[in-house]
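Below is one structure. I have some questions about it.
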Amino acid sequence: AADSTIKVGYLPITHAAPLYIANENQEQFMQDGDIELIRFGTWIDLMDALNSGRIDGASVLFPLAMKAHEKGIDIKATALGHEDGNAVIAGPNIEQVEDLKGETVAIPHTLSTHNLLLDEMLENAGMNYSDVNVVEMPPAEMPAALSEGRIESYIVAEPFGAIGVTLDVGHVLYQSNDLWPGCLCCAMVFRQSFLEDRPELAKQFMEGYAHAGEHAEYDLDAHMNYLNVDEEALALSLEWISYENLNINREDYEYMRERVLQLGLMEEPPTYDEFVDTSLLEETQR
Amino acid sequence: MRKILNVLIAFIVLIVIWQSVIWVGGYEEALLPSPLSVASGIVEMVITGTIFEHIGISLYRFFMGYGSAVIVAIVLGLILGRSPKLWGIVDPIVQVLRPVAPVAWTPFIVLWFGIGNMPAIVIIFIAAFFPVLLATVSAVKKVDNTYLKLAENLEVKQPALMYKVILPAAFPGIASGLHLAVGTAWIFLVAGEMVGAQSGLGYLIIDARNALDLDLVLAGIFFIGVLGLSIDKLLGLFESWVGKQWGFNR
Amino acid sequence: MRKILNVLIAFIVLIVIWQSVIWVGGYEEALLPSPLSVASGIVEMVITGTIFEHIGISLYRFFMGYGSAVIVAIVLGLILGRSPKLWGIVDPIVQVLRPVAPVAWTPFIVLWFGIGNMPAIVIIFIAAFFPVLLATVSAVKKVDNTYLKLAENLEVKQPALMYKVILPAAFPGIASGLHLAVGTAWIFLVAGEMVGAQSGLGYLIIDARNALDLDLVLAGIFFIGVLGLSIDKLLGLFESWVGKQWGFNR
Amino acid sequence: MSALVQVKEMSKSFHDNEVLSEISLSIEKGEFVSILGESGCGKSTLLNVIGGFEAPTSGHVLMDQVPIEKPTRRAIMLFQHYGLLPWRTVKKNVEFALEPTISSATERTKRANEYIQLVGLEGSANQFPAELSGGMQQRVAIARALAIQPELILMDEPFAALDTFNRYYLQDELLRIQQQEQTTVALVTHDIDEAVYLSDRIIIMDRNPGRIKKTIAITLPRPRDRSHGDFHYFRKLIFDTFHFGRNELDSDYHI
Amino acid sequence: MSALVQVKEMSKSFHDNEVLSEISLSIEKGEFVSILGESGCGKSTLLNVIGGFEAPTSGHVLMDQVPIEKPTRRAIMLFQHYGLLPWRTVKKNVEFALEPTISSATERTKRANEYIQLVGLEGSANQFPAELSGGMQQRVAIARALAIQPELILMDEPFAALDTFNRYYLQDELLRIQQQEQTTVALVTHDIDEAVYLSDRIIIMDRNPGRIKKTIAITLPRPRDRSHGDFHYFRKLIFDTFHFGRNELDSDYHI
């Protein structure tokens, strides 16, 4: 029975929505097994579980998964989690990027698209990465930290940007597509051993995942089963996000790989061919 | 009687101080909730029953971790306390591992013990293990030589020597280690749940904090304090029960 | 001599066990780094000097928090230990606050003490305060009645009674509280730095873990263990120095 | 000479448990009085009342005609386990007694050295109590008590923890010093030989409740010889007093 | 009767510090032998060697002609602080001694009760040691030792912690029981009266290094009278032996 269960890890964020939908509708696709979704509190707890093989796959920050691959963990990115939907939220004292000079900005992880977005934003404003004080923090803590004054701004996965806005602790400074159109944020990754040992199960899962992408924007109830968020914030956050095309675009990947190298976050990030395997996704789309 | 009165006075004093801080400092409700709103938070948690789920999970983790730590540590401690040479080698290892916060081991805990309840249980195990081990070893080493000579004289052999003489003679020392460990372990359970877990009292606090419900944070702290105290008292009762069986209290 | 040998053997044993776990379990380097890569991680940290910055910050926070906790707790403990009625009221409050993990107070610590080093210092303060307070109160209560009768007989009055008789008589008990607290406080420093801070040894571990550098995590753990042990030994030296001044050790 | 201490029909109860009943006695200036009795007969309690550590339940306890209300430096108690402060050296222990009254440090040191010399411990002045044998510790306690130059010294089984040989030696020392300083001493003991050897007068106590059974004046000249016939006369006298009492109380004594 | 214990030219050193030097003595079956000496002269060490707790550095120690190599149930030591297990009741303490040899619980209880009765503690059988007075605790220890029916009982200052009155009483008890059971006893003490009152033979020891100074056979008939003239003859004899020794050693004795 254990062998027919796919264990997939996630953090309760809007970005992992295809997983929720797939899980809700699993009898439709999963003839040979079950999905078991496992929730984590922080990215690093999730990575520990993925790296040590306690889960088969996860919806995870793209650069973090690349780093794991670089470290020798054999995983493959099979699809995106979503497109767009990363807002830069700033406290009431911040009107423009320049106001952030010397202030504290929170990101979920150094190895996150959000970190790259921050750099992108600072660069656009003619500032340096070192002009702000960057801290890492679990996404859920950010609105609270902003309201307590521990940080002046944060960039993170949804719905926490939207929560910050609806709680009125901050406002949107930028949306990700203003800064970097087509940025890759979250990836659906699997352990290579899983893809090899149970290809049929993987295929069925990916079918469900792709299908879910088509519903994720509308099925608010499914979200609410997995997220601790009120409807207002969720609705706002879904306005910012899109799940239509979950394919991993080669050019976008190459751009991110370059940025990662520029920032010195990795030494040898895997190439597209080494790390990305969208064959299953493409199969379902055919 | 006197004691109950004292507890009552204590709580009134505490609430008065708390309320006056709010008045004097002029803190907003959102930043420092009033006793009343915390009380209503507590009542709400009890009525909806959510609190009992979290308490149940925390207690389950606590007793699994603490219980196994106590058993392993006492058995090891009895052996190591009786073999000074072996202890001479194990001691430096323990000394270096002990000051490391149990949560620091998380990556390896996940590697070996998996996910779910296990990390929290293992963290408590580590938190409780060292105090009990050290207390047991030192209690065994301090067992009055007279008892050992007596046993030798009466030709009491192992394992009777261990459970008839050494264990009861070392019991008061072990008990104080158990006491110490119960406090540390409880504190670390909550601290551990605040970092990784998705349920339990520690998670409750983090969750309330993330939702900016500071009144629920204080309500959670209230439950943690009261439960921690109860566990401590329970252990005290158990100890004095064993002590009575063994005639230690007069 | 014998002791150094033991320490040496201990470390060899530890490394052998560690390496064999890797061989037997067949763990990848990324999941369980080998002793060699950890050693090179340690060397690298030392050479680049990053480690000393973190150690410096951690030690600063530690001594600020621990030091102030010790002073406040001993002074309060001396007073409370001599006034059973007051203690009767304070005791229940302490009993309920003690089992709460210091990190649980973070939202309020931030509210009152701001950000930066203060939260970590306050967390250590809380972690160290209760053990020292309880140890001091119980040591003062246990001061041999003979000393008090003697002082009464010789018409020794306050404050001389306090610093000439009660403090030194209670010292061994207070010292064991200090010892206990130093361990707990160190563990909590690291645990606290793992949650909120942006520097220090706890942050170092979290940072390494975030970068998936488990060899640096273990290197950090090594420094934490060795430093924790050193602080403990330092306190031990201080104690035995005071003890020697006061003729407690023979 | 007039009476230094007068106890008049004094009773003492702890929670309705009468420990001392209608005790009357007086101690003259310069006298050496021993209080002898079985364990639990209230010897320590009597000494505590005289020292002002416990208030009598009824009756009067006077020192120089003035009621004793609390412990003072006029009457110093020597405690059973010597009551030395383990964190102070011998010299500092003796100085401790002088600190409340003598503010000059050199003055204190001078006086302390004097009395340390009196008990023959000048070689150990800088040692801590734990480094001394039981007998030496008791001598420090005596030096400390004498340094205050009190009018009365109260001793509660001062030599009970010593072995026979040390005990004999310290008894001689105590007598020598007492005669030199002319201090009044009230000593509690359960050792018949000790009482006979040291005292001008022995007060024999009975139990349940504690009361005075008999007072015996020891008329032997000093120094006394422990193996002399007259010594054994008093020894036997006391022995018989107890033997008689023994049978009377036999049943509850052995439980 | 033949010798139960023979010590032949036995010496014992701790790290080059010679504590016992060339000790030779023998103890007959049924005899009551006391070893008397000042603190630190090696009395306890001698008893420990005879009991098999310490190995001699040179010389021989035999029991029934066989070398003693480790403690056995044939020779039971009574420890100075009674060595009772505080977590066991009186009855369980006595049974503790029987558990290694008697497997039947009812048999054990029967034997334990017998000896508890012998020392007159049947009323306290279910109490814990801490609930008893020092004298009663010592009686439990005696009952436990006797219950094993050993050939030899070794006693290290068994009555030192008791007050005079309890001490006298327990000495009588010990003699009564010893005569009834015909046990051989070797007793260490620093109390001259005690040695004279109890012993068939007194071995007087000297210090630095510990050696036998004199052996005195006490020829008094039993029961002995502590205030009788003959008693004082032996008392004085021993006293003088020590007085002589005292001056010899005076300088280092008082330090």
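Each chain carries a letter (A, B, C, D and E) given by its place in the written order, and its residues are counted from 1.
Heads up, the rule we're going with is that contacts are C-beta pairs under 8 Å (C-beta built on N, C-alpha and C of every residue); 3 or more make two chains touch, one makes a residue touch a chain.
On a predicted model such as this, the values are computed, not experimentally measured, just so you know.
Looking at A-B and C-D side by side, the one with more C-beta contacts is C-D. Of all chains, the one whose mean C-alpha position sits at the greatest distance from that of chain D is A. Chain centres here are Cα averages; for chain C and chain D they lie 48 Å apart.
Rounded to whole angstrom units, the spacing between the C-alpha centres of chain B and chain D is 51. Note on chain placement: the centre of chain D and the centre of chain E lie 32 Å apart, centres being C-alpha means.
Looking at chain A, one finds that residues 52, 144 touch two or more other chains. Contact with two or more other chains is made by residues 106-107, 111, 195, 209 of chain B.
Shared interface positions of chain E, i.e. residues touching 2 or more other chains, are not present. By the definition of touch given earlier, these chain pairs are in contact: A-B, A-C, B-C, B-E, C-D, D-E. Taken together, the chain B residues at the contact with chain C in this complex read 2-3, 6-7, 9-11, 13-14, 27, 31-32, 88-93, 95-108, 111, 180, 183-184, 186-188, 190-191, 194-195, 202, 205, 209, 214, 217, 220-222, 224-229, 231-232. Partner chain B is touched in their complex by these residues of chain E: 51, 53, 70-73, 75-77, 79, 81, 83, 85-89, 96-97, 99-100, 128-131, 148. On the chain E side of its complex with chain D, the touching residues are 38-39, 120, 123-124, 133, 160, 163-166, 169, 190-192, 226-227, 232, 235-236, 239, 242, 246, 254-255. The part of chain B that touches chain A in the complex is made up of residues 106-107, 110-111, 114-115, 195-198, 203, 206-207, 209-212.
Partner chain B is touched in their complex by these residues of chain A: 38-42, 45, 48-49, 52, 54-55, 140-141, 143-144, 147, 167, 228.
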